[in-house]
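Paired with chain B in one complex and with chain C in the other, chain A is shared by the two complexes that follow.
== the complex of A and B ==
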């Protein structure tokens, strides 16, 4: 299969309702269960080890009109929370048996409760992930939360997780993450051959199929990409930061590139790349996964990192990707991203790295103002 | 070197022809129809008035909202970069440039070379824009050209919302019904528009010298309100509406100015 055909297939998959994706998998796996995970991170390995299909739960995107959720949330709540709830009311996640939320922000915390109250025929779990990174017992605590989640699956859905199965699932997701890292490394090296829109749909599609199915396609694509012919253009190399939960519309990513940027790093779908290398160590798989969550994690606005200033990881990312600027792209009303914006902005200014702020909503449909701002930013750096 | 800049606005197109000694000529035409055709007509009209042949123009840059559709141009640049360049040409001490156009306002910070260092656009509908002023002129049955002078005679008793042009219009209707003098309403309108502009300006920081560009800069009431709210002198170019086109013509001169 050619690179274009694989990407087209991914593009088609990511436009399907989550419930339809779940039902299609269940048709091929009679009796199987599907669990959807809300951003940012959730242990897909634990879901997979129970024999279930983990799916990313990313709201309604551009296609879902809010007819119920607006009545249940305040106007200052981010779009992904509202549209995720709307998916439930409109039956667009019918076929999904469980939902996992975590303590990334107050809205997500309450969304979990609202889901439990409104949809009592599905399993809803809320993970209390550790916020403290420096305590010696934090990894142990994280592992205990993962065990609690596995016990919840067994009790509610009748599917248990054995240590051996979890170890195998960790290996499979290590392999998947290695491929995703390879894509990101390729884009840093040759951004003209892999647009951010293409990478995004490939990555997102990989969160909608079993990892064993995704990996061969990703390998084919990785082998095909270097053969693409594309001449490098005089564009601004930028890092996108802040879109780790609610996802920007694809149209916005297109505008970024059309306006003269090569996006060489981003935090889109960050949870699926949360662990930066293979999950380390040997022994109890819950302990290994808990330790990886704490000690092998990407910097994120949804977890307090007491060991270094919030801007350090971002500046490292800029340097590693040989980027020239940062585009902060938080969703409207995203408190974690907007709180950290101040810290990151200060750090970038101390390091002399130019930046700009572009807020978005998942249902944003007109991009002219944003295009104008980005073009101005690009021009101010390239023609001055 | 002779260059030209074409600035496509929401309502008008401005053309500047620039040579080494300064502005050779300029023109402003109201847009009707497709942007590319309007730009061509304005450009050819300007050349005709000046008696300059097309072949003598070495480079043409377009700017403004429909800049990509100006096919006769050799390249294009954004409004904000163009206005910063143009304002700096008029006033080399310019460090903050406020452009108030038909559909919105934008604020640019620039350095001693006229290079753009930061910018912000208004984000509240038509509040703080020229179109709002036109609407008010229609409501009060006053020629736009007279609005500034009239407003300077008004008192500051009328306070209007600055966040929504539609709400502001409702408030103006209420003031008209109350019998409030037109001068006072106009003063309130100017204060409302300028508070929106001031809010945008404060997002990027304001440093003197401050230059006001765009057609709205011809409104003396707006200029006065801006001076009062920002507590700063406000410089206005001789032809504020052509600043973007001038900037585009200046950018067309630059070696890095590839299309």
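== the complex of A and C ==
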């Protein structure tokens, strides 16, 4: 299959309702169960090890009109929280048996219990992601939290996790993440051959199919991409930061590139790339995942990192990707992103890295103003 | 509308003693730097103030500073300063007021509000806490200790939860020892916890007295006088004594059949923090209808004592951990809060639920529409929801709020009359 054909398939997959994705998989796996995870963190290995299909739960995007959820969440709450609840009300996640939320912010926390109250026939779990990054007890605690999740699956969905199965799942996801890293590395090297929109749909599609199925397609694509013919253009190399939870509309990603940027790093779908290398070590798989959470985690606004300043991880990303600027792209009303913006901005200014702010909403459909702003920013940088 | 209800303007000992105790604490804080006393910034919700006290680290509370700025109507310029520095209009304004105070030169070395020696983020439910204290530590250069308290997501805290929190408490003790230069003494902590338990008992008894008709005080608006002593000064003998005084005073009012208003016409349960910049005028909107808050959720952010939990000097660290994990409002889910409110409505015999939805505070407010659904549809409890802010005066639309409150109580009054006629 050609690169274009694979990307097209991915595009098609990401536009389908989550419930339909779940049902299709279940038709092929009678008796199977599906568990969807709200951003940011995705404990996919544990779900997979129980023989279930892990899916990313990313709200309603541009396609869902709010008819019930806006009466439950106020106007000052981000859109993804509302549209995720709306998916339930409109039956668009029918076929998904379980939902996992975690403590990324106050809104997600409230959403988790409100979701359960309104949809009592599905399994809902709320995971605590440790925020202390230096205590020796954190990795152990994180492992215990994953064990609790597995016990919940067994009790509510009747599917247990054995240590052996979890070790295997870790290997599979190590392999998947290695591919994802390869795509990111490729884009840094040759952004003209892999647009952010393409990378995004591929990445998102990889969160909607079993990893064993994703890997061969990703390998084909990785082999195909270098063959693409595209001349490098004179564009501004930027890092997108802040879009880790609510998803920016694809139109916005397109506009970024049309307005003269190469996005060379981003924090889209971060949870599926949380662990920055292979989960290391031998021994108990939960302990290994717990240790990876502490020591191999990608810097994120949803996790406190006591060992370094907020901006350090971002500056490192900029340097690693050989980027020239940062585009802060928080979702409207997203407190973790908006708070971090302040400290990150200060850090960038100290390091002399230019930046701009582009707020978005998943439902946004006109981008002209944003296009102008980005063009102006790019021009000011390129023709200085 | 029937005869005008008035406030009794009762300002008893509770009010006076609370002010006096809180002022003494603020003064102590103002002297701390000069006297070389180490300070520790803490959050109010489910805090471990007893531990800092036992470690001879003077607690300070940025939330109290923010609250005081709002109540003195000084918050807006501070908020604007923070917004100019890059904070969003959508960020919690409590944080912005505090940052604004620093940018305004009102906080820092040699100031009445000094920089903390250590910044202890008791992360109890509110994720903004994490951000706030990261920023405070960044500004002040003080050591940040992230005390990670797992959210209450199981019926009881798990063994691992308790072990995890107590392990961190032990690490915190070591940090405190290093800044105070004093050895931690567990027996001293036990003594402090005994004072804490006595204050908790007193606060719970005071709230219990609001089951009387009329309630002797407004458990939303007047509870603020008790929230300082219970959340900030807990663990001191003075705070424990304060609650003895309070209970005695309220018992006296109950004996005389007196409440905060000339007449108690409606009993409400109030959910959400108050609009501090308009505290008095917001209160008036309820008082004129004879509406008294007989229970409130806001008064339990630091701890839910009315349902029986007390710190236990025999199990010092474990009981501190339990309190942080389970026995406070903010570390529980919003749906668990429905159960708390339901209990208030039933046991305190309330006529209605008032939800004050706060834009700043998504911890409290995100999803309160669902709460309203539950109370009106599932339980048939008349529920009023109004929206403003606890710190930012720009979100307080008085006319709109007044109309909604008036319409709500008018209809409640009508229902009462109809019920009486049958």
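Here, the second predicted complex is superposed on the first by the 384 of 384 C-alpha atoms of A that agree within 3 Å, B and C clash if a C-alpha of one lies under 4 Å from a C-alpha of the other, contacts with A are read in each partner's own complex, and residues count from 1 in each chain.
In this text, a contact is a pair of C-beta atoms (placed from the backbone, for glycine too) under 8 Å apart; a residue touches a chain by one contact, two chains touch by 3 or more.
This is a predicted model, so every value here is computed, not measured.
Legend: residue contacts after superposition of the two complexes on their common chain; A:369 is shown touching chain B, with no touch to chain C.
In the superposition on chain A, no contact is made by A:258 with either chain B or chain C. Contacts of A:379 after superposition: chain B is touched, whereas chain C is not reached. In the superposition on chain A, A:144 makes contact with chain C only, while chain B stays out of contact range.
Looking at the shared chain after the overlay, A:65 reaches neither chain B nor chain C. Of the two partners chain B and chain C, it is C that touches the larger number of chain A residues. Of the two partner chains, chain C is the only one touched by A:333; chain B is not. Remark: chain B residues 77-81, 113, 115-117, 119, 121, 251, 254, 256-258 touch chain A in the complex. Here chain A touches chain B in the complex through residues 234, 369, 372-373, 375-376, 379-380, 382-384, going by the rule given at the top. By the touch rule above, chain A contacts chain C in their complex via residues 70-74, 76-77, 81, 103-107, 109-114, 116-118, 125-128, 130-138, 140-141, 144-145, 148, 304, 306, 309-310, 332-333, 335-336, 338-343, 345-346. By the touch criterion given at the top, residues 85-88, 90-92, 95, 123, 125-128, 130-131, 134-135, 138, 144, 146-148, 150-151, 153-154, 158, 160, 163-164, 167-168, 171, 333-336, 357, 359, 361-363, 365-370, 373-374, 387 of chain C touch chain A in their complex.
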